[in-house]
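Two complexes come next, and they have one chain in common, chain A, joined by chain B in the first and chain C in the second.
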Partner chain A sequence: MRKYWEMMKSQIKIDTTYSAWYWAGTVSMLLKMLLVYAFWHAVYENRASVNDMPLHAMITYVVLAMLLNNYVAGVGVQLAGQVRDGSVAIELMRPYNLLDKLVALDLGTKITGTIREGLPLLLIAYLFIGIDAPATWTALPLSIASAAMGVLIGTQLDLVLGVAAFWLHYIWGLHTLRSAFLLFFTGALAPVSMFPDWLRTASGFMPFQSMVYVPAAIYTGQLAGGDALTAILVQAGWLVFIYAAIRFSWKLAIRKVVIFGG
Partner chain B sequence: MRRYVKLYWQFFKTRLKVMMEYRVDFLIGVASVLLVQATSVMFVRIVFDHIDVLHGWTFHQLLFIYAIAMLGRSIEHIFFDNLWVLGMEYIRPGNFDRLLIRPVNPLFHLIADRVQQDGFGSLLVGLVVLFTSAPRLDISWGAAEVMLLLLMIASSAAIFLAVNLFFAAFSFWMVDSLPIMATVQGTSDFARYPMNIYGKGIRYVLTWLIPYGFTAYYPATLFMEGSGDRSIAAWSPAVAAASLTIAYLFWKRGLSSFSSTGN
Partner chain C sequence: MISVNGLSKHYRIASREPGLTGAVKGLFSREYTIKRAVDDISFRIEQGEMVGYIGANGAGKSTTIKMLCGILTPSSGEVTVNGLVPYRDRKRNASQIGAVFGQRSQLFWDIAVRESYELLKHIYEIPEREFKETIAMFAEVLQLEPLMGMAARQLSLGQKMRCELAAAFLHNPSIVYLDEPTIGLDVAVKARIREFIKEMNRLRETTVILTTHDMQDIEEICKRILIIDEGKVLYDGSIQSIKDRFGHKRVVHFELEAEGGFAFELPEPLIGLAESAVGEEGRVSLTFSNQAVTAADVISAMMQSYRVRDLTIADPTIESIVQELYERGI
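And now, the complex of A and B:
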């Protein structure tokens, strides 16, 4: 465990050194916030509520969802790159589990991201856009627990890209495909409760809404009481399942390394 | 000029061969961008399940704006995508020097080096969205209207290209300007919605500084009654020409002050 801890810390140091992407990401997020603010205000122009949500609840949801959406991706692309250029073979010989190492690096990036991007943006949103306080006093701890679970699910699930890279070449394409799919099904654009029935049912059978919709909806009170607890249990179930499924398929996939190595 | 057309054709054929070589990659690429665009249309559909009009705009009017944005962007994406990697794949590793010693315009060479299959995804969705929304607008489509629409889509593509070219040229001074390009491109999303929902500041920036307003919203208003922005809309081709000129001059400027990263 200790070595993964050190890896995570080294990643935090790397992230704080390169600042161009940090500023690009932060400015992009601010622009997006402006956009959704104007868009949802226009949607609510002649009505008090949409889908039983008043404007301020919707804005709160959308801003939180936008911030949570920054955590749904992970190190899959990095892993896929190592698979493609062959450096995975050397990584596999080193005295650590490659997947655990990458997860540690990813969590390091996500911690730096939270401290210097997520929290400041949340503060800006609170001051200038006006987001609500948590729906009830239990909603805050529950949504934080649920968000943490969602982040872990995203981190694990992203490794799928690395497994896929053993068979498919075009990593950028996979990466775009993944992002589009997640943006929609996680509920990052609009709450899943607004979806038409068939789509909402379909989403219920997939792990994606655990990453954004569940924590954000617990915060705004759309998921409350027993529903919230059930949703968190489902999240835990998905986390265990995805963790196991990825490790299993990875075991199968790295057999190909031996074949390539000849 | 004829030499360049011939040369482009040669480049293009090689690129096609590469695409045919990796068919699965081709499909993944097209599918990925197709899904990106399809989800944004789905998002608008879902919102309009709950409302009838958005600031006076109907679902199909909004789709029409989207269509122009997608088609303009797809042309730029298919043919001019290599500008994105100017820093990463040319300047940083020292590959750009290779282009400089060849007897063609380096910008031409850079652009001809890639045909981006992924763009066909947004072309496809763009066409579907256009054919769904255009007949439902309050306008009778004759030859003149279709010509005008094509001109507007071409202008949209030209503006996407000009803005990207301008910000890619920063790579000559800072090695890789990709983060700046990505951030700037993000602002084009604003032009996909009726721009009268924004405050004056945003409208001013997207009209006069980064003219993304002319990639979708303004051209679309030419075909719709009562937006009040039609007088600006007619300027789209002129804005496109002006932006391309400015961007190219800036590129030239960068090129002349470029010193290689090589040894």
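And now, the complex of A and C:
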């Protein structure tokens, strides 16, 4: 366990190496928020609510969604690259589980990301944009738990890309498809509750909404009481399932491993 | 101790027909050809041996090393490293081996070398005291002290290779695989690296398996060589005995005084004993077996017949022997 902890710390060191790059992340995040703010204001120009959501609730949702959307990507592309250029060979010669290492690095990056983008965004959103407080006093801890689960799901799910590279050798297509899928089905663009019925049902059968929609909707109160608890249980189910599936296919991949190049 | 028995690795390579039609066909059905990268090889390496593993590009060296490291599963045959089957016990095997791949870095690109070592300490679970002692010694032998605070990306090739080497030996592995550790380095750095490897072997009885195209490396470090070609072991034995078997061929290069036209003829005593190759501007190379005639005799015979401006005696190198092996077989 200790070694993975140290890896996470080293990743944080790496992320903070380039300070210009570090603050550029903060600035671009704030710009994005302004854009989203202006966009939804324009949408609400001539009406009080869209789909039963008043403007302030929508802004709250969208800001949170933007925040959470930062955590959906992971290190799958990095793993895929290592498989492709053969440097995974060196990784496999080390006495650790590469998947666990990648998860540690990913969490390290996400911690830096939280400090660099997440917290400034929240602070500014509270101070200047005026997003709502949590819907109820239980909504805050529930949404934090749900968000943590969402982050872990995102980290694991992203590894699918990397493991797929063992079979596909080239995953650019899959990567593009994934990005489109994620943007839409996580609820990062708009709340899943605004989807047409059939799409909402379809989305319910996929793990993507666990990453953004569920925690944000718990916070805003769109998912409350029993629904919220069920949603969190479903998240936990997905996490266990994806974790197990990835480990299993990783074992298969290693068994048939062919190292390219070199 | 490494034991390899009837080890083979076959790759399936998709072969495509040329052109656009071929490319489209390839999307639906593919034909495969089998490449035998490693074909039924066997050898044993004892603890503390330093073995040169050589062969032309694509001979199967890397494939063998990868199977020894457990990152490639053999198609057939047995391999054990210190009693472990590497591909089944990859992680346990990994903690007792070290490796340097000349073209791939294992240091972290963006953080200081010292931090990379700190991380390796945790990864290999090296006790703090042992780690400190090792680092202190490596820093002295490889002169790492000034490099410790720099990030890997700031190092020159020679500096980086010294750091890589220290990283490979840091956790006191029982076996170290070195793949082209001196590629592209200047003579001084090469010498230091060879010295370090020999020192490690002496102090810790580390088994070293060295693949390289630099014959100087092999001659200075290894006592035993394994030559592999087209996936098969071509030679396995001491450097001395291969030199004795193949190295009796000697070459002397002469530069002769040659004003005006001149036609070279082999001096009478050497006829039938030496072969000549005539180059430009009075250069002549004589090839002979040192069992039939000594170099001294060849030179004195030449001096009597021609005015010799300069001469060099070429040493039999492993390189020339290996080349001969590749070309003629054993």
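Basically, the second predicted complex is superposed on the first by the 246 of 262 C-alpha atoms of A that agree within 3 Å, B and C clash if a C-alpha of one lies under 4 Å from a C-alpha of the other, contacts with A are read in each partner's own complex, and residues count from 1 in each chain.
The rule is simple: a residue touches a chain if its C-beta (ideal position, glycine included) is under 8 Å from a C-beta of that chain, and two chains touch if they have at least 3 such contacts.
As the structure is a computational prediction, the values presented were derived from the model and not from experiment.
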Look at A:F181 in the shared chain and tell me whether it touches chain B only, chain C only, both, or neither; answer first, second, both or neither. first
Counting only touches as set out at the top, which of chain B and chain C does A:N51 meet: first, second, both, neither? first
Looking at A:E6 after the superposition, I want to know if it touches chain B, chain C, both of them or none. Which is it: first, second, both, neither? second
Applying the document's definition of touch, where does A:Y96 land relative to chain B and chain C: first, second, both, or neither? second
Which of chain B and chain C A:T230 touches, first, second, both or neither: neither
Residues of chain A touched: more by chain B or chain C? B
Using the superposition on chain A described above, determine whether A:F195 touches chain B (first), chain C (second), both, or neither. first
Intersection of the chain A residues that touch chain B with those that touch chain C: none
Name, in rising order, each residue of chain A that touches chain B in their complex. 20-21, 23-24, 27-28, 31-32, 34-35, 38-39, 41-43, 45, 47, 50-51, 168-170, 172-177, 179-181, 183-184, 189-190, 194-196
Inside the complex, what are the residues of chain C that reach chain A? 11, 62, 66, 69-73, 90-92, 94-95, 97, 99, 101, 103-104, 106, 108, 110-111, 115, 118-119, 122-125, 151
Where on chain B is chain A touching in the complex? 22, 24-25, 28-29, 31-33, 35-36, 39, 42-43, 46-47, 49-51, 54-55, 118, 179-180, 182-183, 186-187, 189-190, 193-194, 197-199, 202
Residue numbers on chain A that touch chain C, as the complex places them: 2-3, 6-7, 10, 13-14, 17, 86-87, 89-90, 92-97, 254-259, 262
